[in-house]
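Below you will find the structure I want to go over with you.
In this document, chain identifiers A, B, C, D, E and F correspond to the written order of the chains, with residue numbering beginning at 1 in each.
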């Protein structure tokens, strides 16, 4: 119980991490200081000119959308911890709390400028661009000249809220056994570099965009980017102890189902901003249309999952219905703006069916994904992207497929390399003793529900 | 434990349900396909014309209001499950999760067009109208020509979010003993047909509207429509085992009071959209006034319930205060726009007092309503509607009474018929064994909190 | 167990409380009745004139901001109850539910008019003003002539939502041992009188405003006003039984950490309205800039607290990270509009570090603050206000210090007097027996989680 | 002195308590247990995989009594707990050497009641 | 060998543990129970109806000891748990035939300590 | 008749159950306990203060058996629960005077099985 050698090394590493952070902060600082005079002056003076009217509306809407995306992180936190055991709840919540914080900071330092390098800053074809460290703007960034729909700061905020989502998805697939440090290192790098890099291909105006690939709000760019890493992570870290016994699959039940419900409703709510905000303006027709397709797909996902689960499992499983809602939402995300209302229902319904089957199939292959992250985000992300090729007017199935495969390829390689590097340096998995006693005690020395008498196994 | 005859029949019925669903989807599809060209074209082109400015603001506000109403469903889900026993939590959450999904889908198929048939589509006086299956619009639907406050799609979304509320109210009164299937069938029909039909009388421009009946956001049209069905359901399904013993009333305590608090705050938040959105535009004066009366009534409801409960129960009961807030909100819903600030406080205060007394009286009559749905939504819905006749300038008490009675009459008959039909076909109530062990195991084969050691009875 | 003398006296006092309430309601009534004709007429007629366009946008934004501030009360409720023991959860939730209700009502009766007396209504230099009881407005209150950013009603709503925050902060420091009645009386008076009085010095245009003191959204005026009272309360009511044993500090663990996470995310969300709304218009540049500094400070607070806690406690403590987020938010609140992006990160980071150290130091001084309210709201509130003097362009450190000290002085005196008066009249602390058994049984006669088998001590 | 330990169906606890009070047995200690016996258990399914749950929720009651109370106590428990269905539970009786009331230090049969 | 079972007030657990450690009794098994004895219970009210709660929260401690330790253990428990108020609880002593340490297979009085 | 009480590591419950079923012992009562023995416990830190947690989560199994089953039951428990590490737990055996099946009123060794 004394501080031993490994722990000392860790303190050192934390120090280095802190140093890097300070550097990073410094780099934002530098950039921003330069621009500060300009930007703040303009802030102080920005007059509510008539020409600003539509801009102000759009910007207000986009800020609200950013809030909604923000609250999705709470949704992820509650879904994930609820679907796992009480003895790991603190650990899961810790990760889900740090992810948006780290995500926003790294996005300020590098992510935003990797993802939206701007025309002149492509370094390598239209495959990799970067416009320097830190966030800053001049007075123009606060006017419609920057973008008719939002200011520079709103842009950063909305996109920054999106960024952390990818890492959160991974968290759900590797939880209850991955080391805290390993996860934090992996997800910091994945969210700082991989997510914005792949995202730039389409949303940053890169090569996929040029090819006509359509991914409205990120079935591929957000959800399957997270989903691929979740798959790689779940495979590399291995199944939880006791999940697969010789010949059988033993269910490991979520400890707090009401919390999962809270999370799914918050995610649905957040999706109004995720999809609605991806219109990038408050255009009444498009935004409201997107909200309707989004809601109907979510609803159909619930119904699809309910019927499938009722059929296959004999009794309707609430966690499947909740996954079904998320499946419908992930599915409609790529094409919410270009598919018809009935198509949105069909996409959602099939996503809800798919997700249930996928959860069962994953267990067949002994890939242990405690919350169904791969089934929801990867399977339905791919499904939704391809569905645009089927029902989206004027969209090509093949271009969609190319986008799916290209992103998948990049993400799998990147996640593999990162996870292997982390494994080599720190190790991925906690000791079996820690896993049995729970990561809350092992990683944090505290319990989520100390007042209640509970079971560790039954 | 083997699939017996009854269950086979059920599989069949599920099949039929699925078939109906497909039909329904088809019908939306047909309608929408026709309109797709038009609507999508217009979506793509809708230019942010100056004349669109106010429209865009109003529409943005209405979308936000729809989100707020959406989150009320999470509020209902947490209030209901928190106020019941842990052994039924999954079942209650299942219902509350499916209701908005089913509600939105049925509202897309029939509800919206039953509730807002439009001038030419009244089939029977101004008592029943219908404008065909499915949702669709042409380019006009996306402009102020449709409505100065919102697009066709926003209209559908906002009203669709309201729709499911009625069924959710019922859920709270019949829970812990009603069969899942029976509830789903009942609530699907009630929300698809009864709610929009009665709603059309006022909000669809029907006969009650013509009479000058005032129900701003639905004390009657939403809350008492749900409340009457809750009352009928609670009576028909009977009290929970062990609630009323010879001569006595045994309290059956809610298992998770913090969750009830979460729910009530979310409902209050949602009510800002429920009432604020019912202005149907972002008009600064009216909307903000409505928000103030709404908040003060909720606050006064809390105070009224606290004092009454402290007085009658010797110690202040938190669940009563929470009911008091909801009571104040339900009470002010009919007249939030037409009563004065002090009247709003009085309406809320009296609603808070009424709800506590009503909960006690219900137990006297041995009507077992686990969450106080009847007391909150019916009693205070009626109170609020009549209060408009008292304090609303230029409103007639008698017209208000006629509205209350007419809606009550229709809802009681409809609910009675539906519940009796369901009882005859499927039965309403689970077996006593299932009730004792909990519906979570019986209906879903899972537990809400498997890691915790709990009591089934004390 | 029989109604004894003290309880009878209490009934009487409740009666008096009720009477006062009725009086209060009356006073709102009177004021509002006078104005009713005017205001309601104007409500009904307010035409969406072109000149109203910006006003409507700004007002819509401010209403949304008010909703966000409202939901902070749920955040406080869940954070506080989660960080305490299960046996006191109902009591804590009760207080946190009543506070916004009482806060809004008293703000309507006196608070609003104490805080914003308006030019002509200063009674005592620019130190105390009052413009009469109740809320009311004429037609002008609904137009940009009142304020270019919001109507009179929106103004009341937004400020009213802020008001109760101060009392909520106190609640967290004195919980698990203070009598319910004592707390309700204290917080009603503190929120009705002290908060708006001190607030008027700056936001009401009083003497601190004249001096050039800068407190954007209330690091001092809201958070440290609450924090000082929390400190005084925690000292006067004394530590919880068993917290400090001879020579040692015994941790008393929070019973529901997931609920704390829910609360902190809701508070972060709410802060978008707290800070974003404090711009008092939807100005795209300023609001979005404020949101970015707010978010980055929160993120940096999380990182700062994580590293500090990892360092000092050997394992990273989730509750410290959560406190760190709040610390960052409180810290940036004073200067969100005037500090640069890198400064916002530094302010948050230092706040996150400070809060961890402060929690440890408080325990050294044997001041028992179960949720860290003093560390978060007072220490970081002061830090944030002073930070404006360091990094805010053109702001004076000394003026900031004067503001901090002046408010601190007033609040400490006021809180001390109120708490001592309450102690003399009713007593502050429950009996040791009640404290051991829990205030849920003692004050409310109910349990928060009756279905679960739990520990009272371990 | 004897220690009587009964394992009963959780929902019968109020009835057993009532029956014991009628038999003038006012002292007892109750806890939650899970158990398996002749009752077969049931299946739970969670996310598509099946769990055989053979440990069912039960309530355990411990009562220390003087010799004369053994029979009435057992009879009361049976009266309160019997439904005739599998799962009704068991009663175990064992010997108690000593009983001490912490408050007073009394021992033996005075302490028990 | 004897088995000592004590039912105490939950808030006295830390004190009893401390007293036991002082008496060099380091092994014990603790569980939550609810119980009724001379303490009268209290009323809960929930939504206007009243529940008589007569089963109060208690903590149960089981300690297996060799004969020589019986007296010191009991004394330590009393020292830690006594407040002199009703509800302090009871200590029961019964006979233990055998004790086996699972890890080593040791039995009897070696296994107990 | 004997009562066998085992305190084991919680994660070994499924293995012990399996071993018992193999040994044809199908009846048991299980509960959650916390305990301390040779295992040292661990530290929790909460908001900067340290708690020595020396009561660790354990599972308690009670099995009433006829004499002939005592050895096989003990062996099965040891087979399922032993890891060789400190904390594996203990088995206690005590005497049972009577056993009654509530459903049928059967007593003694018929009732037990």
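By definition in this document, a residue touches a chain if its C-beta (ideal position, glycine included) is under 8 Å from a C-beta of that chain, and two chains touch if they have at least 3 such contacts.
These numbers come from a predicted model, not from an experiment.
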Those chains which touch chain E and also touch chain A: B, C, D, F
Interface with more contacting C-beta pairs, comparing A-F to B-E: B-E
Geometric centre distance via CA averages, chain D-chain B, whole Å: 45
Chain centre separation in whole Å, for chain F relative to chain C (CA means): 51
Centre-to-centre distance between chain C and chain B (centres being mean Cα positions), rounded to whole Å: 33
Centroid spacing, where centroids are CA-atom means, of chain D and chain E in whole angstrom: 18
Where chain C touches two or more other chains, by residue: 53, 57, 60, 64, 253-254, 256, 262, 313-315, 317, 319, 445-447, 449, 452-456, 458
Chain F residues counted as touching two or more neighbouring chains: 31-32, 34, 44-46, 55, 94-95
Every chain pair in contact, whichever chains are involved: A-B, A-C, A-D, A-F, B-C, B-D, B-E, C-E, C-F, D-E, D-F, E-F
Residue numbers on chain F that touch chain E, as the complex places them: 2, 6-8, 31-38, 54-55, 58, 60, 74, 77-78, 81-95
Chain A - residues contacting chain D, complex: 249-251, 253-254, 309, 312-315, 317, 319-320, 356, 359-360, 363, 372, 458
In the complex, chain D residues that touch chain E: 3, 17, 26-31, 64, 94-103, 105, 111-112
Of chain B, residues touching chain C in the complex: 53-54, 57, 60-61, 64, 68, 85-87, 148, 253-258, 261-262, 264-266, 268-269, 272, 276, 281-289, 291-292, 295-296, 298-300, 302-303, 306-307, 310-311, 313-319, 321-322, 325, 337-338, 340-343, 345-346, 349, 393, 449, 452-456, 458
Chain F - residues contacting chain A, complex: 10-11, 13-14, 32, 42-46, 57, 59
